[in-house]
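As structure tokens, here come the structures.
Okay, so chain A shows up in both of these, paired with chain B first and chain C after.
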Partner chain A sequence: MRILTIMFEKELVETWRTYRFLTLITFFLILALMSPLVAKLTPTIIKLSLNDTLNLQLPQPTAFDSWKQFYKGITQLGILVTAILFAGTMSQELSKNTLVNLVTKGLPRWTIVLSKYFSLLLQWTVALSLSLFVTWGYTAYYFPAKITPTAVLAGFLPLLLFGIFLLALILFGSTLGQNNYGGLLIPLFITVILYLINLVKQLHNYNPLSLIGDNLAILQGTKPLSQLLPGMLVAIAASLFLLGGTVVLLNHRKI
Partner chain B sequence: MNNHWQLLMTNLPLFIPLVLLEVGLMLAALIHALRHSHYRFGNRVFWIVVILFIQIVGPLTYFVFGRGEN
Partner chain C sequence: MTALLTLTHVQKSFGTHHVLQDLSFSIPTGSIFGFVGENGAGKTTTMRLLLGLEKSEHGSILLAGQEVTFGGNRTNSITGYLPDVPAFYDYMTATEYLTLCARLTRIANREQRIAEMLNLVGLKTKKQRIHGFSRGMKQRLGIAQALLNEPQLLICDEPTSALDPLGRNEFLELLATLRGKVTVLFSTHILSDVERICDYVGILHAGRMQKCAPLSDLRNQYGRSRIMLTFPDTPTAKRCMQVLAHFPAYAVKNTVMIDYQGSYTNAAHQVLQTLTASVTPIALQHKCPTLEQIFLEVTGNAHSDNHV
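Entry: the complex of A and B
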């Protein structure tokens, strides 16, 4: 347990010194600030680009437009940047042989995997929660609407849980791949497969992808959170499986 | 014109932190690029141009792909 804590601290220092955390949190905050702004400016932009020739009656933007932008930004660009930033988590250490000294001195290999995973999870949670509160604050300020905090948090929970799955997938890919691209290509490959599975309507709620697809519906109250429970369980089970797989992979790997 | 001014003023609470974040990220990347002489690829001039002229994506690319080892 003590070794795990020390390795965890090492990971946090590393992510700070390599500017990964700084980049992640800045990017997420920019996405969070852009959401209410884009929602607010879209009608003006359309009007300006049409040059007032058409007398369009555009609907006023609402709080839901702001949240729509938030979930669109985070689930597309946010996840992409997360994957790019963390793709080298394991593969860089393996290619630079920085783990050799530690392992030969008797460091259990599973602590490497777990400490890395926990540090990724902490960074994801902090960056995502901060961006949620920023968007929440601005949305409440600019678009007075009666959205209960419960609804906001219910829409947010699946996204947060999706991170558990995503980060396990990135770590697995990073360990399996021979270079930095493994951490990117394997999550991409799995995502494509999940999108194909998503074509089958009956399996939608079991698919981890529904965790990042139905947030707005949950926020608006058109879909109860409990319907996503199978998807959440599948995501958590898959992450445990992937983490176990990562430990097995690392154990069999020549460091 | 008056309309645009009003648009800017009502959205100022959003613009200020947004500009601060972008400039902050840009400065962090710029200072790092100037202090270090080793990059994974490209040279100093290339990275300074990328950081200064490509909003958000430029500094991000530098930190992820360009930053050399200490």
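Entry: the complex of A and C
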């Protein structure tokens, strides 16, 4: 535990000084700021682009449109940027031989995996939570119609939990691959498989991908959060399996 | 002298390539052990086995009475390791990096020990981050981190190969100061470095330890001592060769080399007596056997043995 804490602190210093956390949080905040704004301005932009010729009656944007933009942005660009930023988490250490000195001083390899994972998890949670609160505030400002905090948090929880799975997958890929591409391609490959599994309707709620596909429905109350419980459990179980696999991989990797 | 490290019948292969075959040797406590061999002889693999970074297929490695195992870290607390090109976290300062290492190895009086180490290696850049360090500075930081936990065994893998002559000299002087305090395993293919600081030498060739003995013993056993005569020109050297026909001699331009065994004084006397009447050298030098000669002879014999 003592060594895990030391390595966790090292990871936090690293992510701060290499500007990874700063980049992540800036990107997520931009997405958070843009979501309500895009929702607010979309009808105006459409009207201007159509030049009044069709005399189109567009519905007034609502808070749900703002949240729709938020979830679209985070689950597409947000996840992509997260994967790009964290793809080299382990592979860079392995390719640069920076772990040699520490391992030969008796550093257990499992602490390397866990400290990196907890650091990624903390960054994801902080960046995601901050972006949620920014979007929440701006949405409330632009669209006075109230959405209960319970509904907002219920929609948000699956996305947060998906991060647990995503980050374990990125770390596994980064350890398995010889370079940064491993950290990107292996999660991409697994995601494609999960999308194919999603084609089977009966398996939809068990698929971790459901955690980033049904957030708006939960927010609107058209789908209960409990329906995603199997997906959440699968995501957590898969994360534990991936973390265990990462430790086994690292134990067998040449350092 | 008791042995700090003992390898017994160690074998290691990568695929079909047998890197180490029945490797056995010991390193006496407190010695500076020069581990020499050509590229690909298996020096780095041996060191990685000692550090638990590789798994041996057969044999045992005992360090201070404890078995070294792959992935295990019991013996790492008494080992310091300096790779040929040490890698650090570039975003840290030297002090921060050493603090990380000190915390991991539970060093008491951390700040004092770090200051001592930085002073020992001559790194006084408190605020400069490692990404701004020169190669020599990184090597010094490498030594500091390797010695930080006061190891019983310091393993240096070709530490001088990346250094300029000045840095190399400083490093060797520093290593020499450790004699008697720390047992040093020093791998290199710069044989003059070994001659300068090592008291024991192990010659690794074709995955086997061909010779492992004190340097002085190897000199006595293998080295051919020579007398070098220098003449004003090549024709005179050739005339000398005719005069010294019954000596084991050969000429190189205006010099003549004569191999001898036994006492130098007797050999030099005999040579000079033979020459007196005919040719006179302008210089006479006693050439001690070099480690390079010994190495070539040992590995040459091993090579011919392998082909018998």
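Everything that follows uses one rule, which is that the second predicted complex is superposed on the first by the 255 of 255 C-alpha atoms of A that agree within 3 Å, B and C clash if a C-alpha of one lies under 4 Å from a C-alpha of the other, contacts with A are read in each partner's own complex, and residues count from 1 in each chain.
Definition applied: contacts are C-beta pairs under 8 Å (C-beta built on N, C-alpha and C of every residue); 3 or more make two chains touch, one makes a residue touch a chain.
Just so it is clear, the structure is predicted and the values come from calculations on it, not from any experiment.
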Which of chain B and chain C A:36 touches, first, second, both or neither: first
Which superposed partner A:46 touches (first chain B, second chain C, both, neither): neither
Which of chain B and chain C A:3 touches, first, second, both or neither: second
Touching partner for A:254 - first (chain B), second (chain C), both, neither: second
Which superposed partner A:26 touches (first chain B, second chain C, both, neither): first
Which of chain B and chain C A:108 touches, first, second, both or neither: second
Contact residues of chain A, present in both the chain B and the chain C interface: 18
Chain A contact footprint on chain C (complex, rising order): 51-54, 71, 73, 76-77, 79, 81, 83, 85-89, 91-92, 96, 100-101, 103-105, 142, 145, 149
Residues of chain B touching chain A in the complex: 7, 11, 13-15, 17-18, 21-22, 24-25, 28, 32, 56, 59-60, 63-64, 67
Footprint of chain B on chain A - complex, ascending: 18-20, 22-23, 26-27, 29-30, 33-34, 36-37, 40-41, 44, 81, 84-85, 138, 141
Chain A residues within the chain C interface of the complex: 3, 6, 10, 13-14, 17-18, 96-98, 100-109, 251, 254-255
